[in-house]
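Consider the two complexes below, in which chain A is the common component and chain B and chain C are the respective partners.
This part shows the complex of A and B:
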């Protein structure tokens, strides 16, 4: 496989910000799929574990003139100069060249949290406490994903359990297994307004290729050169400016995120 | 050759050994094993193993009744997913529905019958024998039957509309001195209010939004994430550019964020705003003549007319009441009346007065019975007739201090139980209150006994038509778990009490089991020979007339099929009442409306800020949610945590309050602690506090700060009731 084939066979997520209603279904679906436990009593928005986090951003004006939107923020799966890979002393983070997915391996992680400091998207989470479910609820855990212990970092991996299950299913059906097997992460499946699209550029049916070429597509902090594999769509200029941070905002306007 | 052991030899041996050891795989293997071992502590839960299967069912948590596909491991559910099914149930599971299978294990779950013991330091729950409780309640019921003057028996239904409600009413029809009560506000009461304004009080209405161009929303849950109409989500997804949503809301809710226009109205002035719109529509003759011709009390010649009422709310006055610019009121009215089909909606818990005025707005623009707005639908075919059932009485109609024995069915919802109003209705002495719920109640001070009932997905539960649904529908929420031993449905407790009291139940009610009940219901639908059956397993829709037998129909429903009724043509005539069915009723409504104009009755010095309760939908609709919802409330701040109050920074500066500071919020009803956060979207002179009583979050201090602590009786039961507070640094 040459490098251009690599790029087209790698997975891409496209999130339509104008369709997101901030319902949080993606966050809950993600937590259930990946066996992330309910919050510890002491957990806060800084110490919690939310692989997919939806944040409310606004255009900064007060009152009636203010616009707001919800911005779902999973790991951006950086394709170039992946900051977390560069800093990890344990090689606990790797980029899978065939799928483009940035994998976190909790078995190797010893919890130094360099990767969290390096991540410009704040998409990595540290387990400050052991995972704990109310009595009996552990029966509802996803059999495809092992719970992690305290002291390790974790993050979105585009539902790796589903990826492997899809490959296994394709193999069972006798299809020639390839790396870019079609599957859907939990957040995309759960979204009630279908704001999240997922697939590879090679898979034309997924529609991601067309979406990322649209005029309303943008990525977060592109000037860092990390080439995120998560794209966003919005017709609102202020939200693109907020995400790209490339231009000065109009005088007197601020953005809050 | 002599061999002597020198110091150099020892050092070489030691160095070589260390080097050799490091070059061997042993230390690295040991490190690897230790690493894996330390991540497999015995207290880290192990994932379940076993064969993977799938089961089709429906979600019973809210009236949207989304179709569900459950992924099962060894016969136990590990995840739930929405299914794109029929046109009435899109299968867009909300975050609460996605975690519905967790609810059987909620930490507040009640697994046995308990007596509530009230102590100074709080309440405790002491187990009692269910048979003893039934015998005790049967004795009280017998006394009530023989001495009705000493108090009555009442049953309050937390979520009416299903087979359980039918059973309550059928059993209670055999009793004297008994009343079947509905709360004054419940899911679907906004749509039901329309029936009372037409000549068809039993008519069923739904929404048909497939061509709607304008939605004017007074706080109904469109995009809050739960309880939302799947139809609204579908229209938002597929026709975003053709649909204009105007959100009238004191807070920048999720619906306000997603709306095309947000009108940040002064809390409590929504009715005045709606009347201001009606004033403009009538004055500029933008109203629909076909609908207004049907109106009985629009004209000024009647003693109390809608036209007279709206004349008292010109835009200039409404602007001062609502703090919305006059021009915006006029423009909103023009858009609503001209960009049609249009529909105005209101939150179920916003009160009867606002419901009436909003329906009046809909009538003015001809939205009732037209495509793209309000549609008619059939009643669900029932196995029992209305006359066989006990009549429905609203809680407000019950005389004060009259109830001696009260059973509260809080199986599906606890938060909507109007405990404070119930308190007034109970006899002050010698009265007994039994709460049927899967969970510990959020207000236990009135309750004497708690009888455990099934949690969601522990029994077969019908999921009848949602109030916003375009057509009538029916499906079953099938059990995915076995409930704790001894749990049953609330109607079965009533059945046991009545039979133990020696009162004979006719029509086979005495021995009726849930399975027979369900079969009776599916037979009634099958024999109506209407509509179609959607089979989720094969994603096919089959007309009911093509289903060969009632057995086949019943089996399909048990396997997760969804029945949807046929379309109904709207009646072309029929009278419409804007205000009330009598002069007295109209006068009462007009007085209530005029009272909404008086928004300044408070002591501004003592309580200078207006409380805006947020996250009302969860507080209103759900008995409990999964602890995993803490991701939204506690670990991300996406939804308003009960621990955090929001205020505009300019308001905060006036009261010398700081961002992220701890504060005490006081009202005439009490006080609560919270962390104050600045938010530019909060209206001046208001403070936003979560109304949610959901027990997913335990603060590190043990307490659970809630707006409900300071909202008082009326504030807890009607969200747009005004509540004034003051904030002090803690």
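This part shows the complex of A and C:
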């Protein structure tokens, strides 16, 4: 893995696939943190809003050779040629160069969905319905995050509300205003197996620098040149090859390394 | 009752027949508008699009009708820039068709976005790197150009001409028409290309992604050439269709043959460039992204037949037919070739929009399918109905084919002399 593309102040997420049990806690935590409303009764798995989506992948073998894993898929926060940024006709998507976070501005989006067609990771979601919360549930809304209206696109922003809260707290404590504040997105906090690690490369304590340099680290569709800031870890060679679209191995063997 | 509005020397059906014809299309328009209303008021949940199939029937048809509407700019190019004056016989009709195609496409696009009232944001916060920005700017400007080009045709109506201000205005507009046509050609070149570029730049969709020159992928140029190729064919087809329905001779047959021949040459060039582009894409572009082209044609019903149909059956074959003098001068073959050519370009737009989204990009994803909802179909039918209504009114009350009067009076005279 080459981490030189990322500035040291930019945030990186590392997901250990071998630790993920597919429990979906990250999805729930994400939805609650970011004010994603309960799904409309008519919504399907293709019309719902799930900033964090956990998909099941398997080795494609039958019988004893078959293996399966869960792959949590948030926005990959592409660092290069960010597909959604270049296509948006009205600059409703921007990359914060200091943090590396790709922002969607729902208040400027007019819902053309060109960014969704451009995203190879299918990490962007359209609000097909007005967001609605059952009576009383509005009380649980996160005041740091604005709910989105019908007809606009939204996606994971590494819990931007938490990032701002962390910056504000750092400023209050008298620390110089820095982009490189430590905080934890809701998915990482909720994961019962601690499969999600988050931080900046400059923050050695976070451990992300070491993790992305490990031999088991990989990214999804690296050949597209989008340099995602979300990395995955797995000792299973087949899953790395599947994600990278390298040639399939004759067997689904495990390679420790 | 409305005979005073019908251009002098032209014969039109009775007002009763015309009203009955219009009634059918008005009912269809009403049905379609109801579907569009539901999409606007209830939201795009009325469609069968989703987070993965983000574009559907509407975008496919928008791209197709805009290609068909290219007849307006290309006939303008032939007439005003290349000074092929014989095409003045069809320019008015081509302008009306262009206006219908573009205004219809823009109307559907307005329904296709989640927040139509924010459409002006593109002009306020434009992203110069986005192909969609280029499309939005060019189409909007070109629609204005088409509306201005339509104005003198409208003001030449018998009754409107009686108003001196309109007469003067129309006369003055005529003087600037060549300039407007040139602006229209420039704008058309860019938006036809940008529509191709929309998909060609999507590196995250290796099926659609193409290499190119500078900032423009090869699809930019292919869309321009293909639109130029079928624009004349579509003008020819509509002229023949209107001639059949109205039972009038509208233009001299040579004009239709010329349109067919021009279409044939450009279509042949398109087939050549498309073939080269496909070979580069299969052998270099797609494999460099680790996507084997065989995967694309291994999915459900989208086999290699679609590539063969697009390039050979609906590309090379009609091109050869249109370039063969004997076939071209036979109306049946001419029309068949025109339909095949238009079908080929429609298939190309289908492949670029629908097939691109149906194919999986993530290695663990499956092939997707999509069937439009009745609201999507109805909205499109509203555009068809609107087009027929506008064209019918224009044909009845305006002079769309300047040769019609002479051709039919000659026919009448011949008929009378035979009877005598």
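Throughout what follows, the second predicted complex is superposed on the first by the 239 of 257 C-alpha atoms of A that agree within 3 Å, B and C clash if a C-alpha of one lies under 4 Å from a C-alpha of the other, contacts with A are read in each partner's own complex, and residues count from 1 in each chain.
As a convention for this text, contacts are C-beta pairs under 8 Å (C-beta built on N, C-alpha and C of every residue); 3 or more make two chains touch, one makes a residue touch a chain.
Note that the structure is predicted; figures quoted are calculated from it, not measured.
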For this session: Using the touch definition from the top, say if A:108 reaches chain B (first), chain C (second), both or neither.
Result: both
For this session: For A:242, decide between first (touching chain B), second (touching chain C), both and neither.
Result: second
Problem set entry | Chain touching more of chain A, residue-wise (chain B, chain C) | B
Exercise. Which partner does A:41 contact after superposing on A: first (chain B), second (chain C), both, neither?
Worked result: first
For this session: With the two complexes superposed on chain A, say which partner A:224 touches: chain B (first), chain C (second), both, or neither.
Result: second
For this session: Return first, second, both or neither, reflecting whether A:199 touches chain B, chain C, both chains, or no partner chain.
Result: neither
Exercise. Touching A:24 in the superposition: chain B (first), chain C (second), both, neither?
Worked result: first
Problem set entry | Touched partner set for A:152, first chain B, second chain C, both or neither | both
Exercise. Taking the superposition as given, does A:139 touch the first partner, chain B, the second, chain C, both, or neither?
Worked result: first
Problem set entry | Set intersection of chain A contacts, chain C complex versus chain B complex | 42, 44, 47-48, 55, 108, 110, 130, 149, 152
Problem set entry | List of chain A residues in touch with chain C within their complex | 40, 42, 44, 46-48, 55, 57, 71, 81, 83, 86-92, 108-114, 116-122, 124-130, 149-153, 220-221, 223-226, 242-246
Exercise. Inside the complex, what are the residues of chain C that reach chain A?
Worked result: 43-45, 50-55, 112-116, 118-119, 121-122, 124-127, 129-133, 136, 198, 201-206, 288-291, 356-357, 361-365
Problem set entry | chain B contact footprint on chain A (complex, rising order) | 18-19, 21-25, 27-29, 31-33, 35-36, 38-39, 41-45, 47-50, 53-56, 58, 60-64, 66, 68-70, 106-108, 110, 130-131, 133-149, 152, 189-190, 192-194, 256
Exercise. Where on chain B is chain A touching in the complex?
Worked result: 35-36, 38-41, 43-50, 52, 73, 76-79, 81-82, 90, 92-95, 98-99, 101-102, 104-107, 223-226, 228, 230, 233, 236-237, 240, 252, 254, 257-258, 262-264, 626-632, 634-639, 648, 680-681, 683, 696-700
